[in-house]
Amino acid sequence: MGLRGYIAKKLFFAAVAFFVAITIVFFLYHVIPGNPANIFATDRTVNPDQRDALLERWGLNEPLWKQYGIFLRNLFQGDLGFSYLQKMPVTDVIGESLPWTLLLLGTSFVLNAVIGIFLGAFVAWRRGSKLDTGFVLTYNFYNAIPLFFVGMLFIALFSFYVRKWGWGFYFPAYGAQTAGSSEWGFFPRLVDILWHLALPLTVLTIAGILGWSWFMRGNLINILTEDYIKTARAKGLNENQVLYKHAFRNAILPVVTNIGMSIGGLIGGAVLIETVFSYPGTGRMLYEALIRHDYPLVQGAFIIISGLTLLGLLIAEIIYGFIDPRIRTE
Amino acid sequence: MALLEVKNLKTYFHTRAGSVKAVDNVSFKLGKGEVLGLAGESGCGKTTTCLSIMQMIDFPGEIMEGQIIYENAFEVITENPSKSFRDRIFNRNVENKKRTKNLLEFSEAEMRSIRGNHISMVFQGAMNALNPVHRVGNQIQEVLNIHEPELEKDEAWDKVIDILETVGIDSVRARDYPHQLSGGMKQRALIAMALVNNPDIVIADEPVTALDVIVQAQVLKATKELQRKFDLSMIMITHDLSVIAEVCETLAIMYAGKLVEYGDLRTLFKEPFHPYTQALINAFPSIAGPKKDLYDIGGFPPDLRNPPSGCRFHPRCSKAMPICSKKEPSNTPIKNGYVACWLYEEEEKRK
Amino acid sequence: MTSSEISDYSSIRLMRMAGFSFLGLAIIFVVLEIIVVFFGELSYLSIITSLLLSLSVVILVLSLRKVALQTPSIRRNVIIASSWLIGYIFLTIISETFFVFLILQVAAFVIGLISMLVRIISFTQLNNTFKRLSKIGYNLDSQIFLLYGWFAVLSTVALIVSVYTLNLTVIIAVVITTVVGEISLLFAVGYKLIQNSNAIKDIFEGVQKRFLDDRPELEDHENIVVEAVNLEKLFPVISGFFESIFSIERIKNTGRATAKYFSSIFSKERTKTIKELTREYFGKVFEEREKLFVHAVDDVSFRIHKRETFGLVGESGCGKSTTGLLLLYLLESTGGKIFFKGLDSSELSVRELKEVRRYIQIIFQNPYESLSPRFSILDIIAEPLRLLNIETDEAKIEEKVKEELESVGLIPAEDFIDRFPHELSGGQRQRVGVARAFILDPEFIVADEPVSMLDVSIRVGVLKIMRQLTLDRGTAFLFITHDLALARVMCDRIAVMYLGRIVEQGPTEELIQKPIHPYAKALIAGVPKPDPDAKRTEELPIIGEVPSGIDVPAGCRFNPRCPFAIDKCKIYDPKLEEVEENHLVACLRYKEINDM
Amino acid sequence: MNKKLLVSATFLTLILIGMSPSLMVWGQEPIIGGILHTPLSADAHALNPFSWTTTYEAYIIWHIYDPLVRMDLENQAFACIAESWSHSTDYSEWTFVIKDDVYWHDGKKLTVDDVFWTYNMLWNDTNVPRRSWLFDEITDLQIVDNTIVVSFGWGPKPADVLYDLATTLIVPEHIWDGIDLYTFANDEPIGSGPFKFVEWERAQFFRLETHDQYQFPIYVDGKTIPIISEVEAQFYALAGGDIETMANPPPELEDAAEFYNSSVHTALNDYWVYLGMNQRRYPNNVTEFRQAVSYGIDRDEIVEIIKYGRGAVMPASCNLPWGTYYNPSAKTYPYNITKTIEMLDALGWTDTNADDIREDGLGQDLEFDVIVSADAQESVDTVKFIKTYLEPAGIKVNVVPIIWDVLWQTVGGLGHIDQDYDYPGKYDYDWAVLGWVGFWSDFHPSSFYWLLSADRWWGSDDVNIPGWNSSVRWEVTDLCNDTLYSTDDAVIEANIDLIQELVAEDLPYVPLQVNGGTYLYKTDEYKGWELGPTDGPDNYFTWLSIQLIKPPEAGPGFLALGAIITLVVSVAFVRYRRRK
């Protein structure tokens, strides 16, 4: 009863939040200045009748509320619309970019979480040591530099200077795969994709790892002063057992709730990283669609992104419910 | 024959404002099957004393001096001690040639096999002493896993169930999480955890303070029965003299890091020697007997970074003499114990 | 005073509440109408229907008042049901008024979903209520509400369908269905009410009479500082709501009931009526929800006189701290009254309440957290003086603070006045807390476990100072503690609380020497004695621990743990009875027990 | 210790293998002819040759499709699909002969029917964006043998027909017949251009390969067009050898290019920037005032500092000095602030209330808000410069950056919408910094017609965004019409000279600069780069002539091999030591 109710509650709120989010996106984006007809605004070869015909065809001559109604109706039918610019269903357009974003974000997220949590635990355990001081300094230093600058630095260093210095290896400065790699067969292509993934992933992940471990470190330092840690030691547990069996799981609870938040941050960071590394992700696509007023695409991308964020949040909260027995059984 | 003997134990906490002499020259003995009550106000060093015995003093605390002689210590000495991280931090001498029974000379690894196995500790259990994310049974079983790794899982679980039933918890609750247990049950579970591996000594730190009176009485009763059943040696730390009166046989009163009086419980209750003990006993309200006026000790406990010279109690003592503020009293033997007070030292000298 | 008399006041409050909500609804209607007229499209019918419906709710609430006098749980049920209904009406109005605007159809879709839930809940709630009503003789058939409920569900489903298809015909059909459904409901309710018109008349007359005549007689007004009358505080357990809504059990039951109902229609063999089916599948589930209150304080009455220290004693969770907060007006009670110097708090305006609070002070439990670390001692103690503009002259304030500090034993006061809390020991801090509480010369002080954080050697001093000040200044003092031995030192009278109820109340020495209630006996026996020879009672009379405030045992609340409990104790809830002068006990068997 | 060594060796090896680029080309044939890599900074949207919206799409489309006629680097007509062309004496009937050896990418032959189909569609289907205004003027289309005859009601100039109409891309009838242009994404375009479409990974790259049946020989094997959004990344890719050309490198890195075997080529861009003074408002409609402002702006400095020297000063006559019809006697406005002050004084607009701002004839402060696209930092900087230039002359300028959409709406750029209704903010501006695209340096008469005639831009007057409405404008309009219908070159020249003088004198637009571009290209791997004054190294004629001179490095990854050997040796070593 407890956990089920808890999950039901979270699901309900997630659904409400999702609905509110897409509504806000729809209206905000439609009332800001500019409209898709301006795609052709400066193109003298498109005459007024054609523009009007386009607007009518896209349903943009309808009043806003009606557009909203149609948008919602289509949404419930799983139809995100037809991209004005790409001349493809939005689902297809997103379908092409989403896997790359998921690859980048997902890998980064998993690495962040796993490495970050363990690094944080390790650093907290050795708090006050040189390692800890080093960590704190690194964290502050890395956080002080804008992410895109780090990205540029990595490109210059690992894509160009290593070649110039003749180190024998380098990482590509752009893209997600080599052109033509689709004809190489599975494994070479996989290696190619990973090779291209390396730089953006590293930049994104270092920031993430530092953030997560910083959070974890703070939690663990607090947890280590709790009474049950004393009890555990009095039982005769060695330090590792105390850390990983008793302190770790408690310290990880707030970290888990942080997942949702960090997904939002990841997406924000990913737009920058995708641009710097010319990575074909949803963030970059969204950015382009935004400045071109491609309404359906923007809405679609936003629905996907907010859906992902909410999903992450939901999963985080459900995981929380599972690992914290207090929520599970009450 | 004492099972545990603490000799001149000094534990200081090094802070920026100076060293806090939390435990200063404390000595006492604990016999087999004896229950020692360690009483005093909060901050007087009773918990630190016991954590020193367990060697669980954390930075910035340090055991400066003294000996903790544990009779069965040789059972755990390993042949090839290696220095662990904590050993290095606390500068423990583990490579000594001649091993004694002094626990302070033990390595961290050896201490680990003493903790929970030979000497176990019960903390204040109301809220925090049980890990909220593990099942109670598993937390108890963990002790067995560490100290008796050869034990089968089922056997260990049976043992856990046994001990839980012994302390008065229904065996089905073993699969519960701490937050599902009431305060009294949590405390019982903690006691079960301390007892599950048949230790020689149990140190109980304020075991019933946070409990309601009726539950307190129930838990104390269970504790007493268990102590008799297993013939345990116990150190009971509490600020509540009535709890001590109920359970203990020997009483040690601490004040400001010092042991001011030590002796047989009945004797001390009937005829307390140290003015502090007298005041303490008179300050306790009682429900039994006619209503009596309570004695107000007056004043406030001293700051241990900067303790008063001489006898540390003299600023609050109603029987203070000039010498009290100048010189520290030594331990004067009394019936079955000793007291640290100039009143009796003078008498001794006079004799 | 019996509990039913006191409930009157609550029901008047209820009436007031209903009246106000009606008024509020009316305003909303007007606004909505303006909006609708302005936009030129309108479905007057649904507005009028909703209006009438809300009227009917008000009448309904009024009609139930008599019933509400009987037991608190029914009263609660009525409140819950009517508030659900009001909420539902509001939502219906919004959803159906704006129905005509296509843009708001989507809003209507969401609201429709919510309103469906609300409708389901409200009609089952009402069903429960009416079931209870019929038990005590009021024959308001719940069938109509069930019918209405099904109507509501169907119309909401239709609403959703209509939004989905954006089809005008369907929309009109939905409007008509809803309107017809609601009008029929209205008629049904009206019919039943007319049938029971005598009862309504009774109720009105009864209420008026009671309201005029039954003001509690306060004998000796001068001496009684605080009087609590049938105080009640229920904390709803909020998390229960979603669990109950989304419980798999409930969803399954809904499915089963619907399936069964339709199958019975189609098979033309009606084995069970809707009423029975609903009872079978919904009734039980919704009764669970009723339990989801923590009964922190339930029907507690006492008086505290001038110069008197009254002790509230009990185990943790028995409601003693909540009582303290209620008396401080820091929590609003869900029932009962508090009279401060004869003034009824429920009749005071917010400003008057503020005025009254000046005379009521608190001493906190934890001196380490209750003093702001950034304020000097002078500021801490002078804060109430300055806040209430009682004294503006700084020199006088300092003088007064010094006096107060000396009276709590912080001598010389000059040494302390400029220090900060962290420079003081626990005992000194608590003395500062006492000084702060007494500086306004309050009439009444609540001290919640004021010495439990202090060491024994310090405790006595603080207790003595509090006692002394109480006697010197004639303050009424509520001393909340779990330690009977402390209460014995401090208090003139003691009340022992168990699970939100006072089980025994009497003069301190009498209660401690000769406790009557089995719980009080156990509590006293359980107090440890600082004497090695006086062992605590070897065989404790009671077993187990305090049950949670959510699952309150039926009958006498102590019966599951009571060694003397018999069947009678499981059914009847004992009231406090006067055994000797000023000695009250709530036990059905106290005579037999004491004879034993 | 051994274990640690083994683990770290394994890790090192794995890292090296992962990093090794040479593994990527493992087992591939050595490249002959080479693949040319030229970057794009943003992705294309849909490869429709008629409804493209960005230059990125156009860039790809012009690889794949061919028109009848292409412009060469000197902007002269170059026969592409058309073999030759001729016109009737009154220019009203144009005949294009279609080449016989042109094939579509799917192997089908391109016939005159395809050309006819394309032209017919654009002529008749008004819903298709017409890539030339001349389609409006067509009266008849006919096929005769392998020629297509286009008839007009009047006789447009050859330049108009060739540059505007004949550059329309030809699409295959057998694929395009019957499709819905609105939803046709043209995912796998079939054209007749030099390159065949192979693959398009959205937002990643395009892959094109040489059309082997193309009418001209092409030496490279294909082109890969990666999408690289950041110029810095493009630069490092160029320096590292991933791509062969790039445009507009970061100025601070431009000088470093030659270290990485790159050449620099500078060309003018097809983008003119002007200061539009809203002549619907006083005092902007005072010609002397516009001239005074024009004298007060140091254009050379703007080009030098803000544009890093990439570009040229825009002449007031709207014609570049090296253009065919350039009139040197047209007025120019060299920077001369004293002249500005003199002119303003002469107008009698002086500072009367001592706030350092002059008042105009009506007593209003000469204070102007300049709206400028917030996206274009260069334009914003330009306005800031103008602000400082005009300050000593007593004219106050406020910088108002706004987003492009709003700017375009405000200045009335929405064209047709203007005529029907007023929308908020229309013409509500003082000055604006704007640009034109699409007028080559060697102006021909139709360009003037486009730019300055009152009759163009879908019949509205909004082509003259600043609201030019003086008598000179009608004069210019008449001259334009005269020129277009004239067949006498001397008359045309005289007219255009006159137009230039009139425009330079009346200043409908206060000129600022013509933007320029800088291109980098790798010289050590390819030869045959063709460069023009308005073209970068990556153009049609380069595609036809470029050849690989340095074979690409290929073969097994030596590094990977080395890594594997290291692994084997270290494993063996560890084993050996362990046994010992």
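In order of appearance the chains are A, B, C and D, and numbering begins at 1 in each one.
Basically, contacts are C-beta pairs under 8 Å (C-beta built on N, C-alpha and C of every residue); 3 or more make two chains touch, one makes a residue touch a chain.
For clarity, every value in this text was computed on a predicted model and none was experimentally measured.
*Asks:* Comparing chain centres built from Cα atoms against the global Cα centre, which chain wins on proximity?
*Replies:* Going by the distance between chain centres and the overall C-alpha centre, it is A.
*Asks:* Compare the CA centroid of chain B with every other chain's and tell me the farthest one.
*Replies:* Between chain B and the rest, the longest centre separation is with D.
*Asks:* Would you mind telling me which chain pair, A-D or B-C, is linked by more contacting C-beta pairs?
*Replies:* The comparison resolves to A-D.
*Asks:* Starting from the mean Cα coordinates of chain B and chain D, work out the distance between those two points in Å.
*Replies:* Chain centroid spacing, chain B to chain D, equals 86 Å.
*Asks:* Taking each chain's centre as its mean C-alpha position, how far apart are chain A and chain D in Å?
*Replies:* 35
*Asks:* Please report how many Å separate the Cα centroid of chain B from that of chain C, as a whole number.
*Replies:* Taking the mean C-alpha position of each chain, the two centres sit 45 Å apart.
*Asks:* Using CA atom averages as chain centres, what separation in Å is found between chain A and chain C?
*Replies:* Chain centres of chain A and chain C, defined by C-alpha means, are spaced 46 Å apart.
*Asks:* For chain A, which residues are shared contacts with two or more other chains?
*Replies:* Residues 330 of chain A touch two or more partner chains.
*Asks:* If I count partner chains per residue in chain C, which residues reach a count of at least 2?
*Replies:* none
*Asks:* Multi-chain contacts only, two chains or more: what residues does chain B have there?
*Replies:* none
*Asks:* Show which residues of chain B lie in contact with chain C when the two form their complex.
*Replies:* Against chain C, chain B makes touches at 41-42, 182-185, 212-218, 220-221, 239-243, 245-246, 265-266, 269, 279-281, 283-288, 291, 294-298, 300-301.
*Asks:* In the complex of these two chains, what residues of chain D are touching chain A?
*Replies:* 16, 18-21, 23-24, 26, 39, 42-43, 45-46, 48, 53, 126-133, 182-186, 199, 201-207, 224, 226-230, 232-234, 236-237, 239-242, 403, 405-406, 408-409, 413-417, 437-438, 457-458, 558-559
*Asks:* In their shared complex, at which residues does chain A touch chain B?
*Replies:* It is residues 226-228, 230-239, 241, 245-246, 249-250, 253, 323-326, 329-330 of chain A that touch chain B.
*Asks:* How about chain B: which of its residues touch chain A in the complex?
*Replies:* Contact set of chain B toward chain A: 54, 56, 84-86, 109, 112-117, 120-121, 123-124, 127-135, 142-143, 146-147, 177, 179-180, 190, 193.
*Asks:* Applying the document's contact rule, which stretches of chain C touch chain B when the two form their complex?
*Replies:* On the chain C side, the touching residues are 315-316, 425, 427-428, 455-461, 463-464, 482-486, 488-489, 509, 512, 522-538, 540, 542, 545-546.
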